[in-house]
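Comments concern the structure below.
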Amino acid sequence: MNFASDNVTGMAPEILQAIAAANEPAAAMPYGDDDISRGLDALFGGIFEADCQVFPVATGTAANALSLSILSPPYGAIYGLAHSHTNEDECGAPEFYTGGAKLVPIRGENGKLTRATFDATLADQGPAQGVHVVQPAAVSVTQATEMGTVYAPDEMAEICAFARANDLYVHVDGSRFANAVASLGCRPAELTVGAGVDIMSFGATKNGALAAEAVVIFNPELGESLGFRRKRGGHLFSKMRFLSAQLEAYLTDGLWLKLAGHANAMAERLADGLSDLDEVEVSFPVEANMIFARFPIGLVEQLYDVGFVFHHWGDPDWPTVRLVTAFNTDPDHVDRFIDAAHAHGTGA
Amino acid sequence: MNFASDNVTGMAPEILQAIAAANEPAAAMPYGDDDISRGLDALFGGIFEADCQVFPVATGTAANALSLSILSPPYGAIYGLAHSHTNEDECGAPEFYTGGAKLVPIRGENGKLTRATFDATLADQGPAQGVHVVQPAAVSVTQATEMGTVYAPDEMAEICAFARANDLYVHVDGSRFANAVASLGCRPAELTVGAGVDIMSFGATKNGALAAEAVVIFNPELGESLGFRRKRGGHLFSKMRFLSAQLEAYLTDGLWLKLAGHANAMAERLADGLSDLDEVEVSFPVEANMIFARFPIGLVEQLYDVGFVFHHWGDPDWPTVRLVTAFNTDPDHVDRFIDAAHAHGTGA
Amino acid sequence: MNFASDNVTGMAPEILQAIAAANEPAAAMPYGDDDISRGLDALFGGIFEADCQVFPVATGTAANALSLSILSPPYGAIYGLAHSHTNEDECGAPEFYTGGAKLVPIRGENGKLTRATFDATLADQGPAQGVHVVQPAAVSVTQATEMGTVYAPDEMAEICAFARANDLYVHVDGSRFANAVASLGCRPAELTVGAGVDIMSFGATKNGALAAEAVVIFNPELGESLGFRRKRGGHLFSKMRFLSAQLEAYLTDGLWLKLAGHANAMAERLADGLSDLDEVEVSFPVEANMIFARFPIGLVEQLYDVGFVFHHWGDPDWPTVRLVTAFNTDPDHVDRFIDAAHAHGTGA
Amino acid sequence: MNFASDNVTGMAPEILQAIAAANEPAAAMPYGDDDISRGLDALFGGIFEADCQVFPVATGTAANALSLSILSPPYGAIYGLAHSHTNEDECGAPEFYTGGAKLVPIRGENGKLTRATFDATLADQGPAQGVHVVQPAAVSVTQATEMGTVYAPDEMAEICAFARANDLYVHVDGSRFANAVASLGCRPAELTVGAGVDIMSFGATKNGALAAEAVVIFNPELGESLGFRRKRGGHLFSKMRFLSAQLEAYLTDGLWLKLAGHANAMAERLADGLSDLDEVEVSFPVEANMIFARFPIGLVEQLYDVGFVFHHWGDPDWPTVRLVTAFNTDPDHVDRFIDAAHAHGTGA
C-alpha cells in the first residue's frame, strides 16, 4: 500500500512484453540505428501532429538537463519555479549540463508559473545589465506540476507568448505529461507545439516504463548539438532498441493515456474520500495523480502503523503529506486508506 | 562630478608611484617569485594578525569566483543575498569557476544576511534530500555590503557561528572591505579571521589601485588548489610584481584606511546634506561610501542637467538612485550636489 | 551474421528473466533502496574478495566518466592510450565529467599501456612545471583492451606499482572485463584490487545485459562524491531495481564467465580458421572476443556480398577489419565466415 | 643578466607614461566605456587593415582560452602542437573555458604545425565517427612559435586553407606576434586576416607592457559571446582605461615593432656569437627572440657561476638550454654571455 511516489512502481505488462519482443532479433545495429528507434520521430510526430526530433534517454533528470543544455549558453538564465524538479531535485544537473547557467527561481501559484509571478521576479532584479548579468535564455515549466496541478492549453499559450516576447525558449518538464493530457482530455499538441513550446522532456518511467524518457524537440532550429551532448553525457544507449521499444509500446493504442487515466482516477477517488475530513487540508487542486495535504501528525502515524507508505515533512504537529497514485494503484488500497483516515480519532 | 561608482576613479598617487618603483629592476622573476610578491603573506599576516595565504588577482569577480571554487564542489550550494555581486553582477562567474554549483538566493535586511533570513530560506526548502539536492557548502557575505551598510564584528561572528554549525565555509566579498574597517574603526581581524571567516576577496581597485585584489585564505586547510585554479582561470600574472606592488603600497602606512576614510566621510557629508529634503527617502543606513535613496524623477533630471553622473532605476516617477563616493571625491562636488538638490523645486 | 560489435546483441535469456522477476513486486523503494540494489556491494565483494562500493549505471561511457571524475581534479592529467575508448569514443565525456581535465595520450603496444610507453610520454614533456601544467592524477587502462588483448595479472601489478610511485590512481575500463577474466582463467581480484586498482567500470551490456554497468570502487578513500555526481549526471535510475537485477543475474552462477567464455571461444575459432590465409594479416594477439586484421578489399567486399556485417577502415586497398564475437554468436556463422574467406580468389 | 624569459622584464618607459597619463582624468566610465578603450577597434583596424573587434585582457592565457571558447563547442576538437603553450603551459585553461573541449596534440617541425603533420594526425585516428568523437572545431598555432621560429605568410595561408577546407577556425596565439612581424618585415595583415585567420591573441606583456593582451576578432561572425565570457571569466577590468592605454601606446608610432626588433636583434647577435662553438648545437632556426640549444652541462654551470640566468632541462650531461632576449636586453649582457661561453674549456 505504497503512495510514496509513482516511481515505486514497476513496469506495465505491455512494456515488459515490448522489451522481450525487442530481444528477438539476434542482432540489431546499435546506437539508434535499429528499426524501432528509427521509427520514433514519426511515432511522436503523429502524437504531436508536428515534426519532432526524438532522443530517448533513461532518466528524467537526463532529459531535463540535456534539454536545457541546448536552450541556454553557459552565461544564460533559465527561469522556473523555486520548487521545480530541475531546481530542487536534480543535484544541479541543469547547471552541470549547461556549463554553469543560472536557474533563476520564481514563485508559483498552485505550483504553476504565471505571467504575474514571472513579471514580479524580473521587476525585483537589480539595475545591473549588459555583460554583468546572465542573459535570459529560457523558461522551464513542469506539466503536470510537482504539486499535482496542470496547466490548461491557454495557460501554456500565455507562458509561451510572453516567453517569445522576451526571446526566451520554452521547455516543458513532462515527466508526468501523460497525467496532464489524461486530466485535461485535450490533444497533446495543444499543450506543447501548438502553444509554442520549443522542447519537452517526455516521461514514461513514472507511468509504467522500466526507464524511458525522451527529449522531444519541436523547434526545428534546435537539436543540432543534442546528439553530441547526449553521447558526452553518457546517455546514448548502445542497445537503444530497448529504450525505443518501451516508448513505442507506451504510445501505441493509447496505452500511455490509459495508464495515466487510471492513476488520475485513483487520486481523485482518494481526494474525494478524504474531503469530508475536517482535520485534512488539501493544499492544491488535485488535477493529476498527486495529493498534497496537511495531516495532523497523529493521523500520519496511525496510517503508517496500518502499513501505508508515503512521505511527510514540515511542521512536526501538522505536517505536509504527499500521496501519489500510479498506473497500477489498487483501488482497494485507496479505499482502505480512506477508511483508515476516517477511523482516526474515532476510536475505531 | 561623478557619483556613478567608485570604479570610475583612477589610481591614488601612492599606487602609481609604487608601480613605477616596481619597474626599476630590469629583471625580476615572474609569476610571483619576485621580492614584493614573496612578502605579501607576511604583510597581510600583519594586518590580519594571523597566517594568511595571499593570491593577488586583478578583478573582484576573479577573486570571488576563485574563492568560491575552493569552498564548494560542483554539486554544492552557496548561500548569499539575492542582490549580492556574486549572484547578480558577475555573469555567472561563480557557477563557472565552481563547475556549476548553485547560488541559493537569500533575502536580506538592509543589505545584510542574517540568521533569521538564512533560517527562513532553509525552512522553505522542499522535502528532497540526499543525493537529489545540492549539498550545503558555503555562505558568502559582502563587506561593506552592496547597499552601503556594514556588518559589525558581532554580526560577522554570528554568521560564522551558524555557518560552522551547519558545516558551511564563510567567504567575505571584501571589494569595499577598507570602507567597512574605516567605518567601524575596528581591527581587520575582528571582521574576518577572528570572527571565523575562512577566506576573503580583499579589494583595492575601487579604493585607489589600478587593478588589484587578493584572495586571502585564513583557514589553513584551504588553498591547496587555489594556485592551479588561478592559473587555469588565466589570472596568474607573469609580471606579478606589478599587482603585488599595488597591494604593498595600499597596505603600507595605513593608506588603505586613509583613502576609505575619505570616501566614507564624503558619503556621510552627502547624506547629511540631503537629510532635510522631504522628497528624498534614503533606503539604507549610510555606513560606508554609498547612498541608496529614492528621488523624484524631476530631481534626478535636474541633477543630470547640472552635470552630475550617477545611476537610477526602478519606478519611473520615483526611482532609486545610487550615489557612490570614493577616495578622491572632491568635497566641493559633494557640496554642489547638495546645493543643487536643494535648488530643485524652489525655482532657484 | 553480424560481427560488427558485441553491442549488436540483445539480452541473454537469464537477464530478461531477472528483469521480469524484478517486476513482480507492485512496489519497491526507488533510487537503490530496494532489496536487490542493497545487496550489490556484498555480491561484488564476494566476486572481488574485497569491500566494494557499487554504483550501477546504464552505459559504459557513464561508468568511465563518473569514475574518472572522482580521480582527477579539473586541473588534472589522466594518462591513457591514444586509442582508448575514453579518449576516442566518448565525445569528450571524461572532460565533461571532470570539469575539463586533460587526457594525455600515450602510445601502446598491442593495445596495452606499458611502463616503457608511459615513461616515454613523461620524458617527452616540456620543461613547464608547477601551476603551469595539469597535475598528474590517474592512469586509465582498458581490460580486455580495445584491440582484443588482455593484461595479465603481473602486467596490471606493474602498472599499479608505477602509478602508485607517481601518486596516480588506477582506473580500469572493464566494459569487456568478463572476456579478460574468462581468457586468463584467473581470479577477478588478481586483475583488480589485488593488483592495486582503485576503481573500475564493470561492464555487462556487451556481454548479455540490456544496459547495465557499474562503477566499482575498491579504494575505500574514494567514493564520497560519486553518488552526487551520478545523480547530477542524470544516471541515478528511479527504478534502480531493474539495473541491479541485471547485475545480480549476471554475477550469479558464473553466468558472466560462461557468456564471455563462449564469445572468446568463437573469436579463437574464427582466428584459427583464418590463420592459413596468406592475404589476411592479424594485427594483434587474439586474446578475448575481437580480431583486428588487414584484409584485401576484394575479400571485404565479397564477405559483405555474402551477408556478413563488420567494420573496415583505413587503407582503401588493404583495410583494417574488426570482427567481434559475442555471448550469442552462432558457431555456424563463424564457420561460414571462414569458408567464405577461403572461397575468395579461388573462384569457388 | 637574465635570459630566462621575456616576462622577467618590466615596462617600456612609453607604457608607464601612458598609464600615468590615463590616470589624469579624475573619472572615466568603467568597463571599457572610456575614450581610450572605445578607440581600440579602430586602432587595431588600422594596424590590421580590417574591421576588428578588440577585447583587452591582462594575460596571454586568458586571451588564448577566451579565444578558443568561442571557436569550439564543449564537444569540439582543437588541433595544435603538443608543445604549444595552450596545451602544455596553461594548466588546462582551454579545457576550462571551452567547457571541456579536447586539445588534440599534433607533432611539429621546427616548432611549426604543417599540413603534413596535421594530415598525419588525422590519418592516425581510429574508425570512430559521428557522435562518438569530438567534432573538429579549430586549429591553433603560435606566432612567433614556442621554439623561436616564425610562420611566413605563405605558411599561414596554407594552414588557413586546409583549415577552411576542413571547416576549422584558425586561432593564432600571438603572445610574441610583434617578434614575428619584426622578423618577417611583412604587414601584420599578411600573417592574420589576409591569410585567413579568424581570431588572435595579441600580446604586449612580454614586449614591454605591464600586463596587456587582447583578443582580436577578424571574423565578423564571431564575437557575439566573447564579452559575456570575458566577464564570466573575471577578465573584465573595471578600470579598463589602464589596459587600453597600454595597448594604445604599444601600437602608436611603431613602438611595438621597435621593441620587438631590438629583442630579435639581440637574439641574432647572441646566436651569431655562439655559432663557432662546436659544443653548442642550436636546435631550431633563430627567427625571433629565443634560442634553443644543447649545451654541455659544464658550460651551463660555468655560465650560472658567472651570473647568467636561464633555464635548462632534459639530458643531464647535455641539456637543452633556452635563451630569451627582450625589448630591454642590454647588448653588453649579450656580449658578456658570448665571451663567457668562449671562455669555457679554455681555462680562460
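Labels A, B, C and D are assigned to the chains in the order they are written; within every chain, residues are numbered from 1.
Note that contacts are C-beta pairs under 8 Å (C-beta built on N, C-alpha and C of every residue); 3 or more make two chains touch, one makes a residue touch a chain.
Note that the structure is predicted; figures quoted are calculated from it, not measured.
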{"item": "Higher-contact pair (C-beta pairs counted), A-C versus A-B", "value": "A-C"}
{"item": "Furthest chain, CA centroid comparison against chain D", "value": "A"}
{"item": "Inter-chain centre distance, chain B versus chain C - centres from mean C-alpha coordinates, in Å", "value": "51"}
{"item": "Inter-centroid spacing, chain C versus chain A (mean Cα positions, whole Å)", "value": "34"}
{"item": "Approximate Å spacing (C-alpha centroids) for the pair chain A, chain B", "value": "41"}
{"item": "Touching two or more other chains - residues of chain C", "value": "74-75, 90-92, 96, 99, 131-132, 228, 231-232, 236"}
{"item": "For the chain A and chain D complex, residues of the former touching the latter", "value": "31, 73-75, 99, 130-132, 135, 225, 227-232, 236"}
{"item": "Of all residues in chain B, those that touch chain A in their complex", "value": "74-75, 82-83, 88-92, 95-96, 98-103, 105, 124-128, 131-134, 311, 313-314, 320, 322"}
{"item": "Chain D to chain B touching residues, read off their complex", "value": "2, 4-5, 7-11, 16, 19-20, 22-30, 57-66, 90-93, 96-97, 205-206, 210-211, 228, 231-239, 241-243, 309, 328, 330"}
